[in-house]
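Here the chain labels run A, B, C, D and E in written order, and each chain numbers its own residues starting at 1.
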Amino acid sequence: MFNITTVLTPEIALAVLSLSLLAIGLLIPAGARKGMMPLTVFSLMGVLGYTLYDFFYGPEAAFLGGLYMHDQFAVYFKILFLAAALLVVLSSGGYVQKLPKHRGEFYSLLLMATLGMMLMAGAGELITMYVGLELMTISFYILVAYLAEDARSSEAGVKYLILGATSSAILLYGISLIYGLTGSTELLEIASKLSGNLTPASLLATVFILAGLGFKISLVPFHLWSPDIYEGAPTPVTAFLAIASKAAAFAVLIRVYLLTMNSQTFSATGQTLLFVLAAITMIVGNLIAIPQTNIKRLLAFSSIAQAGYLMVGIIAGGISGIKGVIFYAMIYVFANMGAFAVATLVAEKQGSSEIKDLAGFWHRSPLATVVMTASLLSLAGIPPLAGFVGKFYLFSAAMDQGNVAIAYIGFVMSMISVYYYLSVVKVMFLAEGDGLPEVPVHGAMKFTMVFTMLITIAIGLYPTPLAKMAIAAAQSLF
Amino acid sequence: MTALPTVSSMSMLLPFTLLAPLAAMLLIVFLPKEETKTIKIVAAMGMLVSLVLSLYAFLNYQWEPGGMQYTLTIPWIPDLGVNLALGVDGLSLPMLLLTNLIGFASIYASWNIDKRVKEFFVLLLILIAGVMGTFIARDLFIFFLFYEIVVIPIYIMVIIWGSTKRVTKEYAAMKLTIYLLIGSAFLLVGMVALYLAAGANGNPTFMFDQLSARQDLYSPAFQKVAFALMIVGFGSLISMFPFHSWSPDGYAGAPTAVSMIHAGVLKKIGGYGLIRLGIYVLPVGASFWAPYIATLAVISVLYAAFIALAQKDLKYVVGYSSVSHMGYVIIAVAALNPTAATGAVGMMFAHGVMAALFFSMIGFIYEKTHTRNIADLGGLAHQMPRLAIGFMIAGMASLGLPGTVNFITEFTIFMGVINVLPVHAILGIAGIIFTAVYILRTIANVLFGPRRAEWDHLTDIRGPELVPLVIFGFVIFFAGIFPNVLLGMIDSGVTSSGLAKVLETVSQAKIGGLF
Amino acid sequence: MFKEMHDLFQWAWLIPFLPFLSFLIIAFVTKRSKRLSSTISILAILSSLSLAVAIGLGVIQSGEKIVEHPAIVNVNWLNIVGLQIDFGTIVDPLSAMMLFVVTLVASMVQIYSLGYMHGDEGFSRYYAYQSLFASSMLGMVLATNLLQLFIFWELVGLCSYLLIGFWFFKVSAREAAKKAFITTRVGDFGLLLGMLFLYVKFGTLDFVALSAAMNTNIQDVAVIGTAGYVTVMAFLVFMGPVGKSGQFPLHVWLPDAMEGPTPVSALIHAATMVVAGVYLVARMFFLFDHADPMALQFIAGLGAFTAIFAASIAIAQDDIKRILAYSTLSQLGYMMFALGVGSLTASMFHLMTHAFFKALMFLGAGSVIYAMHHKQDIWEMGGLWKKMPITGTTFFIGVLAISGVPPFAGFWSKDEILAHALHNGHPIIYGVGLFTAFLTAFYMSRLFFVVFMGPEKKENHPHESPWSMTIPLMILAFFSVFGGFVALPEHNFAFFIHYGTFHHEPIAWGLAGISVVAGLLGIGLAYATYIKKAISAEKVAAQYSGIYKLLKNKYYVDELYLWLIHHIMDGLAKILYWFDIYIVDGVVNGLALITRGSGRVLRRTNTGQLQTYAMVFFFAVVIIFMVFAFGEGQLSALNPLATLGGVK
Amino acid sequence: MIGNFSVGLSTYLLVGAMLFCIGLYGVFAKRNIIAVLMSIELMLNAVNINFIAFNRFIWNEKIGVNYLLTGHVAALFVIVVAAAEVAVGLALIITIYRNRQSTDVDDLNWLKW
Amino acid sequence: MGTIVFFIFAILSIAAAWMVVTSKNIVHSALYLALSFSGVAVLYILMNADFLAAVQLLIYTAAVSLMVIFAVMLTLRGDICESNTENKSWFAGALVSGLLFVVIGLVVFTNADWRVLAAPWTSGGSAEDFSLLLLTRYMIPFEAAAVLLTVALVGAVILAKGVNESK
């Protein structure tokens, strides 16, 4: 038997940390609040270290009667969220410093969102999952609208709130139907009860849940919110939203899909449908990204497309497919984080996120340019960067299941995506940035950039350790 | 693999060859960017090391046992079955040498670069190393990895140091990049399919020889589809009609060094891949598609030769000419016999040297006159006799003049092809007439004719600028006069790698020919 | 004795190698020093000449043995699966004769050039080219197999190209060089094909082996297919000589080639390179012999046609070098039809004599041009005999030789050709040949009379050329006078150079008389017209203005080709380029445009209206549900899409 | 207790569905953001009806106190979350009103395309 | 009796909901919302969920509605009678939501698979059981909900306070 607190240590630590940050914000006068960011960073590092230890050596268990899972899958995702949070915090130091107010609360809310994600990843039951999801989402509502004086930020917040609430309403409706059909909200039990025939009600429930989660992972046609919100939100928040929130939704989707949808007899049709959705997601995301002029919006569409790639792995299913998904989700963190770190830097120094404001970036900030290029190319799946291996896992898993068409679409679309990624690269390298300021990179930001790039390259060159982790995580699900 | 102990003791030769330019690159990264001279010298030193090592590999290669030598195998991604497997045989060694020759010369062809020197050489060295990697890889995954590595540096180099003529350099760069990447997307599908099919026995692998040994796992239908994907991928790389349209624009937009490397070696990855992967691993698919490829190849030859006639820009002439010449390589591949395969690899080598020389000379012309428009040039032999010699050598090699390596390789190709695909061969050989027409026209209009006063201020190429001319001129004639050094090596590769055996089995039904 | 001779013949490779060495030395070392360069080059070619003479004497001494068993040295050159090629030297009477002719003429020309090219900017370059040419030509002569021959064949083509375009600043020279290369390329295309087919069928390109293989396998359909195959190969191989030796319709380049320096014209475009085609046919004679008789008939017909065709053009030309060029064409036609009628001996004999007297006349013409400060129109000259006695005399010897006046060299060879034509049953060809002989005599005398006789032109201040130029003239004149005597039975030219079984034929003096008469008639007519003015050339020209114009414009062949090139080839090129840019590339750009365009259209779905988003969201939910609920069958029908491509 | 009546599960569900769709209509059609927020509350309420109705009418093999009240628990959490959402939502509306002087959904169109 | 009560309150809450979305006056809408919530609370009672009914009344009817009204007051401009109009695409919205209703309705009616009890349970489900459940089985979401509320609290303060007042 294990001690519940050891298993829940990361969650508890995060909750404590975020609440203490709030308290510090209240207790210490505004002028003296210097150490909030380092405190956050080091605490997160500690938690991350513990979680890593937990991944390899921790017990594997479902406790509270299967309501909360502590398997390697969950821990893997916790690592992912913590890493993402850590990187966002590191890269947002300067940005937050420029906020007029409520700087400490920013980190606090970020950590609360992370906590929500962890709950989502660990949830073995729909209510817990829902609460975790809402914890994350509500934190994000606030974070998205954090620039209270910026109308765009507020607009993004309102849009996100209304659409997010609507989508969680339909998710809840689906959960309620599932509950009605099975009498339970526990995934394992749902799976055993739903394994029979497809009924209209179970179908409706499935579609509703799919829509609710599809919203979070911005699956086309549930994606429409994401570009607007990504554009309007403060850049670090956009980063976190694009990386972690999506990954969390995927964690849930994998569990739900594996345990409910996949066990039904409608899997053939369902697979075809997911297949079509994934294909549309890849196509639409990549195509709309092409004419974008705002870097955040571009990355939004790019991340829509990435969701499509990830869906491919879910469709493929099996250990190899899931391994592909979670492997890709992890490298996606670093690739996207690199890009967003640069976007944050630009937003911080130039107050803009238009692509044209990256002009002459090569002269103004060579490091950031290199990082941006590497990150974008990793997103595009160009070797030797990590994205290539990730895509290889995903699509080879799909092809192994006979889904060759999706592989064609995926590979071709990812090459098309190079077009708009390179457009950004072109502006940075080619355009003359006359009159634009120098953009030096220092401290935590520099660390973030170098670190993400190194990880991106390292995983691309030697993916084995991460692949092993991903396999272990995937196996823990089956 | 029957690597002899004496040979495998040199397994670090290839990694060093590969790493030398990368080491130079790293060194350059840490040099201040004002030190342009030092940067150039470091780059040249790095390539020199690499060149010497590959020359050593070439000369020290044991023809007798043949097969892969200097092998090195390190398990790399165990769950995918990827090995960091390096090695060269008679097919890849000439290409490796070619890469280093062109790489080394391209440094000197870029000697006069004065804009963002540091970045230029960093990217150039990455590019060269990437190309080198594709040729020494024994593992499909590694092969593909290296191939895709080079795409992006090229893009950046074209947009920064390229030139805008008929089309803008941005357009040219993007077209080149996206075209090749989309081609490689199909290739990737084929590669994954192949990998999965070969891994059906539960032992996944990417090694070329093992993929080839698992013939029984590929159904004929599978082979056909997979080979079709290879054609799209490698065909667009080698600029086979109708996938060629990136190539003239791309070369025209690119800076000299990139044109040299791209036309000289990068393009050859397509042909090399078709042989190494297409024919070797998927012989049944290859024999199914061979007639179609051959037809497309012949169209490439004649079509591009004709279009080259209508060109006004020097680089376009050479661009289309390389499309045309690559047609011969593809015909040879489609002929599916050892002679033609030898000729194909030889032709790739020969064309590489020739194209690199051509592009370097055009680069100097452009650098000095700031125009590549044939009508604006003329009589350059007056002011720049040495450049004119280089240009002439390239032109003569291009039209397959005996004594140059291009002739004998073309001849080998024709020899291999004519028995199997006589009609294609005849049409292809007719291409040499048109090649002569456009090459001689170009030479006449650029080099000869009355002296033009506006070029009187030009200085002839000298010093470092002469390196490409010397190297390529020497190689062109040396290998042309002693072709066995090159073709014998390739021949040993064709026979010892098992390719000849594969070809024998697939082409048995085809012997008979026209008469 | 033979053993020693063989040792001598082993050194034959030095003959081409020495000039090649000189080429390398000049190109890389002594380029800057004109005197040194020319000295090296001349030394090299003289050494080659002496070696050639030695080998020639050796061949004569060896006698029958060398005729039956040529001295061959081979080294492996290329050895791969499906292609084994050797490089080597073959010494037999044929090659020995060619070696002598080539080295002699080349030496004369190089010495001559000392004077003629004096002061030229590219003097060293000129000698480098000359050396390279000599080396290539000699290499070709010594080739033991067809591929080796082809390689040197192309190299002499290259040298021809370089030397025609030697004064590359002249647009006309540059164009002529290009034309020469491309035109011969057309012929090479056939030769290359023929070579490939030969190798495919016989597995070798070695002359000896090939000949043996043909002799043994010619009846064996299983090995070489039908007899027509050999004929096809014969025709293909013959395409090469058509281009190289300026046979109709690929003759157009040769007159233009006169843009090169005159010594070059003498060496390359009169004496040596252009006869390479003839030499090739002679070497490959067994092929033509085994082919359908039609092949040889064709060669004979084409040769005869070219002979009379070119001769007729020569009548109406005004440029001294062009007249000589057409004369060369005509004589090449002679040699060709000699082969066609089956007389290898006569053809080779004529090749040799022609080399002497045509080189002589070209060099003489060069001397004239040198004296006239690069004027070439014969009507601007006149009465040069007095000012340039040596040139005039030697030139006159040349005229007599080419006109077939005994005992000059041309008489013997021309007579032998005509005799063989009639003897071997080609009366029409004989008639054409005879008429051509008449025309030849006429236009050559016309040239001579107009240039050297008649009144002097005041504006000219000619003077005799320097010794370096006149001595070669005299040497060549010597050979033009006495070169024909080798045909006399006691010298036994025919014994050494023949095809098939040798049987001695006496000289047919009757026929010889007829051709001498034809020649004299021609000279007489020219004398009457241009010296005595008994016949007004202008009046004749006016009367037959159509024909005159046709002749003057060389039957408009050039115009036809130009039209073809400019309208058909370039037109096609432009059309294809258009196609490439707008169709092939258009598809690519179109796809890119569609991609970008659809991106631009699709982005409008993001209206910014959150209620629209919500509506889309729920509508999609409903649709997905509907598809699931009602479209299950249809959706499953989509499943093949999932396995599109059938890879798995 | 009121107990003992004949209104079935479907009826409750229908009420829930109606409320849900009315709320949805409100989300689609109202211009005032506050009204939209209210409509969302209606939707969440509808879901709660579902949960409670199911809790009331269905059974589970594992009868026991742990499993009896799942629906109620869910409903409670939904209420909590909804309240939190409303709080944040209204604060957001105030922010946007401060920035734009408007609460009209149609005006929220700066971010598009 | 129960049936009648059910129908009265069901219709009441639905009608009130309808008025929420159709009323042109935002204040009216807010009041109707409270009414609708109350009606639903009664339905809860009908379904033996007394505790939840109380919660519903407290949180929704009281707190939420009150907050909404506050917000309305804070943001109201112009004519109050035109404060809550429909947008241009309301008809499409009606169609989509109608469609969804049809779908859900059809599913609800056609589905025979609800695990309906033979006889409704009457015991258990007290507030006591409920609280026990929350603190044991649903401990994690319960704690998370606490954090959630904190977040909402902090967030509402941060957002509503804005920047300007802080100076």
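The working rule: contacts are C-beta pairs under 8 Å (C-beta built on N, C-alpha and C of every residue); 3 or more make two chains touch, one makes a residue touch a chain.
The chain lineup, named per UniProt: D = NADH-quinone oxidoreductase subunit K; E = NADH-quinone oxidoreductase subunit J.
Here the structure is a predicted model, which means the values were calculated and not measured.
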Chain-contact steps, minimal, separating chain E from chain B: 2
Those chains which touch chain E and also touch chain C: A, D
Minimum number of chain-to-chain touching steps separating chain A from chain B: 1
Relative to chain A, chain with the most remote C-alpha centre: C
Chain pair whose interface holds the most contacting C-beta pairs: D-E
Farthest chain (mean CA position) relative to chain E: C
Central subunit by CA centre of mass proxy: B
For chain B paired with chain C, centre-to-centre distance based on mean C-alpha positions, whole Å: 35
Gap in Å, rounded to a whole number, between the CA centres of chain C and chain A: 75
Approximate Å spacing (C-alpha centroids) for the pair chain A, chain D: 27
Inter-chain centre distance, chain C versus chain D - centres from mean C-alpha coordinates, in Å: 96
Chain E residues counted as touching two or more neighbouring chains: 87, 89, 92-93, 96-97, 100, 103-104, 108, 114-115, 137-138, 141, 145, 148, 151-152, 155, 158-159, 162, 164
Touching two or more other chains - residue numbers and ranges from chain D: 13, 20, 23-24, 27-29, 36-37, 54, 58-60, 66, 73, 77, 81, 84-85, 88, 92-93, 95, 98, 105-106, 108, 110-112
Interface hub residues of chain A, defined as touching at least two other chains: 65, 127, 130-131, 134, 138, 141-142, 145, 148-149, 157-159, 162, 166, 180, 183, 200, 203-204, 227-228, 399-400, 404, 408, 416, 419
Chain pairs in mutual contact under the definition given at the outset: A-B, A-C, A-D, A-E, B-C, C-D, C-E, D-E
Parts of chain C lying in touch with chain B, wherever the complex brings them together: 76-83, 147, 150-155, 158, 165, 168-171, 173-175, 177-178, 181-182, 185-186, 188-189, 192-193, 196-197, 199-201, 225-226, 229, 569-570, 572-574, 576-577, 580, 584-585, 587-588, 592, 645-648
Residues of chain C touching chain D in the complex: 603-604, 606-611, 614-615, 618
Contact footprint of chain C on chain D as seen in their complex: 24, 27-29, 36, 105-106, 108-113
Contact footprint of chain A on chain C as seen in their complex: 595-596, 598-600, 602-603, 605-606, 608, 610, 612-614, 616-618, 620-621, 624-625, 627-629, 632, 635-636, 638-639, 641-648
Chain B residues touching chain A - in the complex, by the definition given at the top: 76-80, 119, 144-145, 148-149, 151-152, 155-156, 159-160, 170, 174, 177-178, 181-182, 184-186, 188-189, 192-193, 195-196
